[in-house]
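Chains here go by letter, A, B, C, D, E and F, matching the order in which they are written, and residues are numbered from 1 within each.
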Amino acid sequence: MRVSVFRKEHFNAAHRLWNSKWSDEKNVEVFGKCCNPNYHGHNYDLVVQVTGEIDPETGYVIDMKILSKIIREQILRRFDHKNLNADTEEFRQLNPTAENIVVVIYNILRPLLDDRLELKIKLYETERNYAEYPA
Amino acid sequence: MRVSVFRKEHFNAAHRLWNSKWSDEKNVEVFGKCCNPNYHGHNYDLVVQVTGEIDPETGYVIDMKILSKIIREQILRRFDHKNLNADTEEFRQLNPTAENIVVVIYNILRPLLDDRLELKIKLYETERNYAEYPA
Amino acid sequence: MRVSVFRKEHFNAAHRLWNSKWSDEKNVEVFGKCCNPNYHGHNYDLVVQVTGEIDPETGYVIDMKILSKIIREQILRRFDHKNLNADTEEFRQLNPTAENIVVVIYNILRPLLDDRLELKIKLYETERNYAEYPA
Amino acid sequence: MRVSVFRKEHFNAAHRLWNSKWSDEKNVEVFGKCCNPNYHGHNYDLVVQVTGEIDPETGYVIDMKILSKIIREQILRRFDHKNLNADTEEFRQLNPTAENIVVVIYNILRPLLDDRLELKIKLYETERNYAEYPA
Amino acid sequence: MRVSVFRKEHFNAAHRLWNSKWSDEKNVEVFGKCCNPNYHGHNYDLVVQVTGEIDPETGYVIDMKILSKIIREQILRRFDHKNLNADTEEFRQLNPTAENIVVVIYNILRPLLDDRLELKIKLYETERNYAEYPA
Amino acid sequence: MRVSVFRKEHFNAAHRLWNSKWSDEKNVEVFGKCCNPNYHGHNYDLVVQVTGEIDPETGYVIDMKILSKIIREQILRRFDHKNLNADTEEFRQLNPTAENIVVVIYNILRPLLDDRLELKIKLYETERNYAEYPA
């Protein structure tokens, strides 16, 4: 009787898409306006999905207050109102595409949750572009 | 060639989170403001997902008018504009968390649908907290 | 050069519609399922609109961090996860319709803002029913 | 390390539900107001989900600019501001239910994507009625 | 102490933009794909705003159940699942732009409301195109 | 018989809030995390409202295709995927708060519209913070 619960949080960040091993021309050709040297930015909507058995004492899969606190301390404090490329260790070398961001967030949160719980991360870069991991 | 169809319905209800086997202190410690003795409430958005083969005559997996009617008669009539703890049989003993509500709704609707159809229930307690069953 | 700024906040509450001077029959006739004795509830979305000149030093009409703090301390602390009829002074006698709630919130916030600022309150009881004051 | 990416596009179309092998009476009985002879219409929201490995060079599963271009050229040019029944080859014989539309869109897009990529189509006929294929 | 209340309803319709006094070429030049001869369609979201004094007995400006009933009987019954050009008296001669539709809806509803109430109509043709009357 | 029409467009940009006449300490004190030296960013939703008489020939207040083209050429080309502080003339000296951005956009668009048309600009910096000019 496994149930998924979902918690949606929000952060704002600047980023640019960039492969430092490529020439400027190649970067512009592949990433277009997304590689603007002075960055652009997004309101990121983050949905953290946790799946497990319902605890019969609480009726919870996981206490959403605790889950929300973990997300705020581990993810929002790290990325909110930051420049992903310039201000964070995670994306100094790694291109901050939505795909890479969901994997990074998964890897930060996974060790902090009980092993019996499954984790899935969905990130809306805009209303029209989003990514999910694991697929 | 299985397709899922989704029908979204809506109900408003009061509830409080409470474990009657615990002391008041323990309840406040675990459920915080969610165990306010006089209840609080939510606009619940309910999404019923039905999966099956497309009927070649109608082009439907299930007639949405019929599905909507079942949801309104079985779920909305039971829970809309009600106090889940005080007014319903289902949650007189069972803590009305989003997790428990999706399982209850699943168990009410499951026997009313053809065996060849799969059923999944998603319930938004708020835009930022929701649950899905089966996972 | 007057500009409006808007801050959206959120609270969850139980309520029932009820006129204590009327008979039960009259209440049921007028308020229907909204006068359920054990209450029902809503996710209220609150939009506070403040209009004034832009301060040339800050570029702000009002600092949204300060406005948000006032709303949280004065409105959310009072109404969030509460039963409007049973837990609040404001609605012990006054019927907690969306119309009355926007006027009450306006009257709480108005004295806390500079006289040069105009104030308008919008409250979404559901996505489909909402109220605004002053009109 | 498979990741899903999602691209949301939009088209407006007229349609009616109709089985040409049935009598008018049978059509009205099954499809109700949805078989109005002069059609009705919808704002369709289309979500195309593509699943695969992240390319380490780009950080992309698939370039969203390319995916968006394929959707616009193959789907929007075919269906946007059209009458699905009268103006399109795909639905001249096939009833344009949400279920049939998601299968048709899947079959158009599937051959245009690399075999290593999985594809899933979600179509919102309204906010409250939608379909997904494969399930 | 005037308050506005808002009721949101929904209808689906087919339409085309067309000026019968113009040549086909002129129509195509001005209305582009919106004059497709076989129509296209929309999910219209309709917001009816009513402004007046709060009735101290009920706490209502207007009973939303009554307002919703008027809208359903007068507007949805007329336009929902219809072809605006072909099925309705109102738009047989009049071009069914969002601008003309809000004026038509205003003129239908205005005589049905008490003179002390003000009325405003907002119509979303899509999420990105909408109209309001009176301005 | 004046009607308002609304067109919603979207752009993504980086920015920081900063008053160059103040010390770093004063900037941090007033703008908090919004003055992060390496910027953060937003998905800006822009709503352009135009009010005027309906043209009886077209049924339009203004052709939305033309309005959308003006917004894309004048606003999106200038601000989309840009750093407002570093990449634009408009905000090199002026603090890019939502308040200042709506005034700047108004001043760019106002001369491009017929004098008989009124103009109003609404800008969503996030779903919860937005501004409108003129008030």
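Assume contacts are C-beta pairs under 8 Å (C-beta built on N, C-alpha and C of every residue); 3 or more make two chains touch, one makes a residue touch a chain.
These numbers come from a predicted model, not from an experiment.
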What are the mutual neighbours of chain B and chain C in this structure? none
Kindly point out which of B-C, A-D or A-B repeats the D-E interface, defined as over half of the contact pairs being the same residue numbers. B-C
Cα superposition of chain A onto chain D: how big is the rotation, rounded to the nearest 5°? 120
For the copies chain A and chain B, the interface residues, called same if over half of the numbers are used by both and different if under half, are different
Among all other chains, pick the one whose mean CA position is farthest from the mean CA position of chain F. B
Looking only at C-beta pairs in contact, point me to the busier pair out of A-F and E-F. A-F
Take the average of all CA coordinates in chain B, do the same for chain F, and state the distance between these two points in whole angstrom. 41
Between chain E and chain C, distance of the C-alpha-averaged centres to the nearest whole Å: 28
Can you list the chain B residues in contact with two or more other chains? 127
Which pairs of chains touch each other? A-B, A-D, A-F, B-C, B-D, C-E, C-F, D-E, E-F
Please give the residue numbers of chain F that touch chain A in the complex, ascending. 10, 12-15, 33-34, 36, 38-43, 80-83, 86-87, 126-127
Of all residues in chain D, which touch chain B in the complex? 17, 19, 30, 32, 94-100, 102-103, 127-135
Provide the residue numbers of chain B that touch chain D in the complex, in ascending order. 1-9, 51, 54, 57-61, 63-65, 118
